[in-house]
Every structure is written in structure tokens, then in C-alpha cells.
Amino acid sequence: MADDKNRMGKVMNEQEKFEKRKKITKYVLITISVLFVFFMLVMPLFCIVSSSLKQGLGFYFKSVSSKYVVSALKVTLFATVIAVVINTFFGLCAAWVTTKFSFKGKQVLATLIDIPFSISPVIVGLAFLMTFGRLGWFYPVIRWFNSVFGANVRIAFAIPGVVLATIFVTFPFVSREIIPVLNAQGKDEEEAAALMGAGGFKIFFKITFPQIKWALIYGIILCTSRALGEFGAVNALSKTRGETFTLPLEIDALYMSGTENSITAAFAASSILVIIAVVVLVLRNILEYRAKKKGQEQAAS
Amino acid sequence: MKKIYKMQAVLLAACVFTGLAGCGREKSNIMTITNVSYDATREFYESYNEIFKSYYEEKYGEPVNVIQSHAGSGSQARSVVEGCNADVVTLALEHDISLIEKTGLVDSGWKQEYDNDSAPYTSTMVFLVRKGNEKNIKDWDDLIKDGVEVITPDPKSSGGACWNFLAALSYAREKYTDTAKQNEFIKKLYANVSVLDSGARGSATTFVENQKGDVLIAWENEAMMTVANYPGQYEIVTPSVSILAQPSVAVVDDNVKVNKSGQAAGEYLSYLYSENAQRLVADYGYRPSDEKILNEYSDKFNLNVKCTTINDFGGWDNAYKQYFDDGALFDKLCN
Amino acid sequence: MEETVKLKKAKKTRVIPGFKLTMGITVTMLSLIVLIPLASVMVYSLKLPPSEFIKLITKQNVVYAFTTSIVCSFIAAVINVIFGVILAWTLVKYDFPGKRILDGFIELPFALPTAVAGITLSKMYSDTGILGKPLAAIGIKVSYTHLGIIVALIFIGIPFVVRNVQPVLEKLDGQYEEAAYILGASPSKTFFKVILPELRPAILTGFGLAFARGIGEYGSVIYISGNSAKEHTQVVSYVIMQKLSYIDYASATAIALVMLVISFLLLFAINVIQMKQAKRTNNI
């Protein structure tokens, strides 16, 4: 009896110890996370916000509503929307192809899709200039097209170039987020559905989509954020302020003006990007929270 | 298989559409010219465009609009070569315009088109030091002393930095006849450089915003702007020897033909020589090419500096090969 | 004999529909947007005779730049993996006040233009900055050193790791841990023997992406690195920009080609690992 109790006590003790350790781990990890995020991410943000408000709210609103900033914001949003739509469409196709089928050269294809991640933005700009610029091989085609149709199509150093560069740098973002989830999931369910005679779109929307929904949203958010902030590649293709400049270029231009006012204005313009990013993230959080709650309710009933 | 072709057709159409959507930018009736310039002229042209617009409208009875583009001078020349639709170029180095000329975009003889070798304003290299000039910097000699931290951009990526290098070399040549000693001087100078930024504005930020270094070698107009923006915090020191930098201007003939903007572009450049514009030039810290107006501002500019020119170094092409090419003098002495 | 051929054929027919369509779209868009422009650059560098090519890319400053970029990116990526996994774990497994805000900050490095990030970081870590001052007091210099490059690369790389690990961790069944616990494994053992292997492909992907992105990074690095040839703080992108400033397309594209090959190999390795992992899970 006593022995039994002793053993019970020991187990309890161990259980307690275990719980305690778990708790300690939890707090240690939370502390590390918070500290890391604080020093690496919050501090720079804080720097930006405090710099942007250095000369008061009035100056802040004046600088974010200046003609150049507004024009740059429009260009940025235009390029971002197109890039996100095209890349989402592409990402779904690419993820479907690389996870649901096996074929020769699959790894090579997947790698080529990832290439834009790692290419120096300097090279991206150069690549588009060597294709569509005056020295590029596609330039005579544009010239010919313009002379035949009397149009004035320009790609490099115009909005289409900016859009193309933005699409390029965010190209793999959506597919990259979906592929690991689909890989982890396997393809048995889809195969079963196909054998039962379901069509491609039906399989996609009924089986695949619910599984990748969150990954897809993550992907879209990453794609949006990256498209908003792209600098290097667009920098090579867009040279005119108030016309083809995106917000990051405008920020750079303001900062490079070097006066105290313009530097403050540069940080004010940066804060627009930060605000957009925060709004997008809040939306995602709300959506996710609602979906999870709904899932729980369903599970409960 | 058919489906794929259909899809490709749709995609192609989508691409073309994107292209067209982009050029849907209304080319409204207002004549618009694009001025591709370099980093240090942002503020000057912002003001100049205003007086030019009213002048042009008064003279021709129609409005004109000017779009600006600024970046490093070399990369700006490259973007014009690669297809940026510039009507006029106003760059830091004559060499950069020669580059454009080589591709046929600018007609040869552009240098004779306007007065003073098509250089409506000039500038030179000076030192910017912190208030009080603690290290007591007076001339180039003081920059090679132990413990002096110098900030200048990288000649391998910045045009302004090349001028800095050549200005220092001019002083060395003045002081030492022996080439080995001249090289020794340059070597010591660059050993004191703590941050080699990629451009003149980057260096200015390092020096002013990040408070790094004791002395910044800078364009005279940039140094004046810093002093004006941060009153009471900085001082300008003019060395005994420096180099005359001649920023050049030219009409991009090929683009102007397509844009039908020849008249406005020509006016834009020739108006730079007008009295109004020359005064504006001086206000922004450039030295006016008009002697009379330059003398009016003699209290602003130190006119006693002995200035060498790029010709003393055998022209820009030669200078580049001799000093800045991979493995040339700069690499040998400074790395 | 005939049977095996048949079997092979049967294996080749694809059950799931949509192969041709999605393949067509993927390949077309990939070519139009990524491959054709890149090929235009490569054509330039391949015009060079091989001896000239080798000479251009083995110049001392180019080799130093590659070493700097690769070493700094690698260190930054390793640090990012450690903190990225901790962050993802904290965000998925624990509930605490402010969690959503923490979660929201992860994407910040993407949204911030790289130039703004670079400027801000170099200001913060310079000898007079908020973080640089205390660090300088204990003798650590960050801005204008290799350390600065690493800090910038950690900043831009962290979302890659967190956002790759997080979804997989969320999908991971709690049962594994419970089972391991019931079987008497300690928490650390559970983590390293049970959970980590499951996360490995995601971690490797995140590591590889952060690493690859770091090698090519330009905007956020150039302000904080000081770009000194003497101190070897020039990164590859910066050297390419140098060459371009002098319209030296040959050198620029030659270096670009080497970079492209490196990143292709790197990403290829990630994909092979990932697909092997996928096969394993599918076969079980």
C-alpha cells in the first residue's frame, strides 16, 4: 500500500515536474520570440514612425498628400494588384502541376519557378532592359508595332515595365507557400475523387482548395507585401518622378534629397507602406479567426 | 493539346493588353519634356522648372511640363542608352554624354551647341567638416594625418568620387614632382577613408545623419546645401587646389524627333544661360558660367582655388583607364 | 516482358485531370516573365570567350565579394533558422497576449522597401544610433562591418523561415507529441526526434530561401556595409552595380551568370529534398 502511494506520488511528482518544465520552456520561448521581434523588427519600425512624425502631424499629412507621393501610390497599387492576380493564378497552376503529377524534369521546373527569389534585383532590372530596352532584341518589334499601328507602346521606362518587374520578383511567392502543404497532404484523395469521376475543377474546389486555403492566403499576403516594397528591380526600369515612380522609389528620391524636411517626408511615405501592410495583416487575422471559430462550432454541433 | 494553345493565346493577349494599358497614359495636349539629370541637381531643377515654365508660356503662349529624373550620373547615361525617353540630359560628366553620343542618340558636336562647352554651370570639390573643425583641417595635407577619418564615395561606382580622387591627385602633383611620392600621398589619403559609399548622397548621409568621420570630400554645391540645412553645425573648407567639374547638357536629338519636342528642349537648355537662371544657379551653390554674375557672388564662392581640369589628366577616357579601371592605379593603391 | 511494359504505361497515365492545362500555363508564364528576360542577359555573357570569362570572374575583388555574400548569407540564414523555428513554434503552440501583433510583424521586412530598411538599420546600428551606441560601448561595431551585413540579411530573411515552418507546424498533429510523451520521451527528445524531422523540409526550404535571397540582396545591404574593398565588405550585387556604372556589360553579366548558377543549384537542392520528403510521406 505504502509502496503504491509512494509510486503514485512519484508519478505525480514527475507529472508536476514535467508540467513545470513545459511552462518554463513556454515562457523562455515566448521571451526569446518577443525579444527577437522587438529588436529586429519593431525597433526599425519605431525608428521610421518616430522619424516620420518628427516635424508634427501637419507636416506628416502634407508630405503624404503631396502630388508625387499620391502618383507614386497609385502606380504602386496598380502594379501590386496586377502582380498579385497574375501570380495567384500562376501559383495555383504551378503548385498543382508540381505536386499532383510526376514527370521528368519536375525538380528543374520547380527550381526555375523559384529562381526569382534569389536573383539580385540589379540583374532583374538589367534583364528587362536587355529584352525590352533600346538595346534589347524585342525593341525592334515594339518599334515596328508602333510604326504600323501609330501607337506609342513603351515597356521599359514606362508603367508596363514596372508591372513586369513587380510580377517577376513576386513570381514564386504563392506557389512556394502552397507546395509544402500539398506535398505534406499527398494526392490520394484527389486520385480517389478522379477515379470516382470528378472533374478537375470540382476536385480542386472540393478537395484541394479547403486544404490550401490558409497557405494560399499567406502566399497572397507575402506577394502583396513584397510587391509593395520592391525597389531594386523597379529602380532600373522606372526613372521619372511623378509618372512611373513607385512608392519605394519616391521614398528613395525624397531621402536622397538630403534635407531634413525631405528625409522626414521620406519616412512619412514609408509609413504608408507600413500602414497598408498592417491593414492587410489585420484583415487576414480576422478572417482566420472567424474561420477557426466556425470550424469549432461545427465540430461542437 | 488544343487547350494549351488556347490558353497561350489568352495569355499573350493579356500581355499585350497590359502593354497597351500602360501606354494609355494620356499624352494630353500639354507639351511634356523629360530632363534626365544626376543626383545633386534635384533641388536646382525643381526651382528652375518653375521659372522655365512661366518663361516658355509667356514666349510661346502654350504651357509646357517638365518631368525630372535623378540618379547617379553614370547610371542615368546608361538608362538613356537603354531607352529612357529623355528629351534633354544634364549630367555630371562630359564623358557620360559622350557615351550617349556614341550610340547615335545625341548628334556629335553637342559640345559646341551651347556656350562654355555646353556647361551652363560648374562646380568644384571642397571639404565639409563639423563645427569647430576639431582636427584643424585646412588643406589636403591635413587629410593624410593619423587619426583623421575621411568620408568619400567609391570612384568605382560614383562620378563625384572620381572628381574627388582627381582633385587629390592634382594637389599631389602640385606638391610632389616624384610620381612615387604622389602615389604615396593618395595611398595615405585612402587609408584614412573609413566608409566608401556607393554615391555622393550616400556619403553625405553617412557623414551627416550617421555622424561618421571627420571630413567629407564633397561637391561644393552639396556642401553648401548641407551647411544651409543644418545651420551652425558644419563648416566648409576650401582646399588650395581642386578640380573644375563641368556638368554638361545636351538635347537628345533622336528622342526629340520622335516626341516632336525640339523647340521646348532647345529652349530649356538655352534658358539656363539667361540671367535669371544663372542667378538661380548661384543660389543653389553652383558656379555660374556667366563671369559677371559669378563675380556678383564672389563672397559666396572662393574664387582663389587653383582648379585643374579633366584635360590635365588627358581627358576622361584616359583618366578612367589609367586610374579607375580594374587593376588600375586606384585598385593598386587603395586595396 | 510485355507485362512490365504495360505496368510502366499504366503508371504513366495520370489519374488526376488538368495536367496539360496547368503545365501549359506554368511553362508559358514562366518563359514569358522569367526565362526569356534572363536568357537575354545570359546571351551577353556567353558571347565572351571562356578564358575572358574566367578572367573576369576570378578578379580579386569579385572573388572577395562572392565570399562575403555567401558567408554572410549562410550565417544569417542559420541564425534565421534558429529564431524562425522558435518564433513559429511560439506563434503556433502558445497563447499569450499580443500574439497576433507579434504575428503581424513577421511580414514587415517584405513590406518595407529594401532601401528604407537599409537606411534605417544603418542609422540604428551606427556608433551614434540607439542600438549602435550601447554595442559600441562594449566594443562591438555593427554598421560598416560584416556584422552589419549579417544583421541586414537576418532582417530580410526571417519571414521566409517563419512563414514556411508555421503552416506545417499548424498541420502537425498534436497526437505525435502526446504519443511520444506517453511513451516516456522527454520534451526535448520529443522535439528533436519527433517534431523536427517532420519540420525538416519546411526548415530546409526556409533556410534555402533566406540564404538564396541573401546572396542576391542589394538595397538593404549597401547602406550598412560600408562597401570597402579593403575590408571585403562589398557584396556581389554591389560589384555588379559598379560594373554597370561604367557600362561594363561583359563583367556584369559574367558575374550575374555565376550568381544565377549558384542560386539555381541551391534551389534545386531544396526542391530535391522537398520532393523526396513528399514521396516518403506519400508512400507511407
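Which chain is which? They are A, B and C, in the order written, and residues in each are numbered from 1.
The working rule: contacts are C-beta pairs under 8 Å (C-beta built on N, C-alpha and C of every residue); 3 or more make two chains touch, one makes a residue touch a chain.
Listed by chain with UniProt protein names: B = Sulfate ABC transporter substrate-binding protein; C = Sulfate transport system permease protein CysT.
Given the structure is predicted, the values throughout are model-derived calculations rather than measurements.
Compared on C-beta pairs in contact, B-C and A-C come out with A-C as the pair having more.
Among the remaining chains, B is positioned farthest from chain A, on the basis of C-alpha centroids. In terms of their C-alpha centroids, the spacing between chain B and chain C amounts to 37 Å. Rounded to a whole number, the gap between the C-alpha centres of chain A and chain C is 14 angstrom. With touch defined as above, residues shared between interfaces to two or more other chains in chain A number as follows: 136, 164, 255.
Looking at chain C, one finds that residues 21, 23, 25, 29, 119, 123, 241, 244 touch two or more other chains.
For chain B, the set of residues that touch two or more other chains comprises 81, 205, 209.
Chain B meets chain A in the complex at residues 18-23, 25, 27, 34, 36, 39, 42-43, 67-71, 76, 79, 81-85, 103, 201, 204-205, 208-209, 222, 225-226, 229-230.
The touching residues of chain C, when paired with chain B in their complex, are 20-21, 23-25, 28-29, 32, 59-61, 119, 122-123, 126-129, 143-144, 222-223, 226-230, 238, 241-242, 244-247, 251.
Residues 82, 129, 132-136, 139, 151-161, 163-164, 236, 239-243, 253, 255-260, 263 of chain A are the ones touching chain B in the complex. For chain B in complex with chain C, the residues that touch the partner chain are 1, 3-4, 7-8, 11, 15, 72, 74-75, 77-78, 81, 99, 154, 156-158, 194-198, 202, 205-206, 209-212, 320, 324, 326-327, 331, 334-335. The part of chain A that touches chain C in the complex is made up of residues 18, 21-22, 25-26, 29-30, 32-34, 36-37, 39-45, 47-48, 86, 89-90, 93-94, 96-97, 99-101, 103, 106-124, 126-128, 130-131, 136-137, 164, 167-168, 171, 176-177, 179-181, 183-184, 186-188, 190-191, 194-195, 199-200, 203-204, 214-215, 218, 221-222, 225-226, 228-232, 247-248, 251-252, 255, 266-267, 270, 273-274, 276-278, 281-282, 285.
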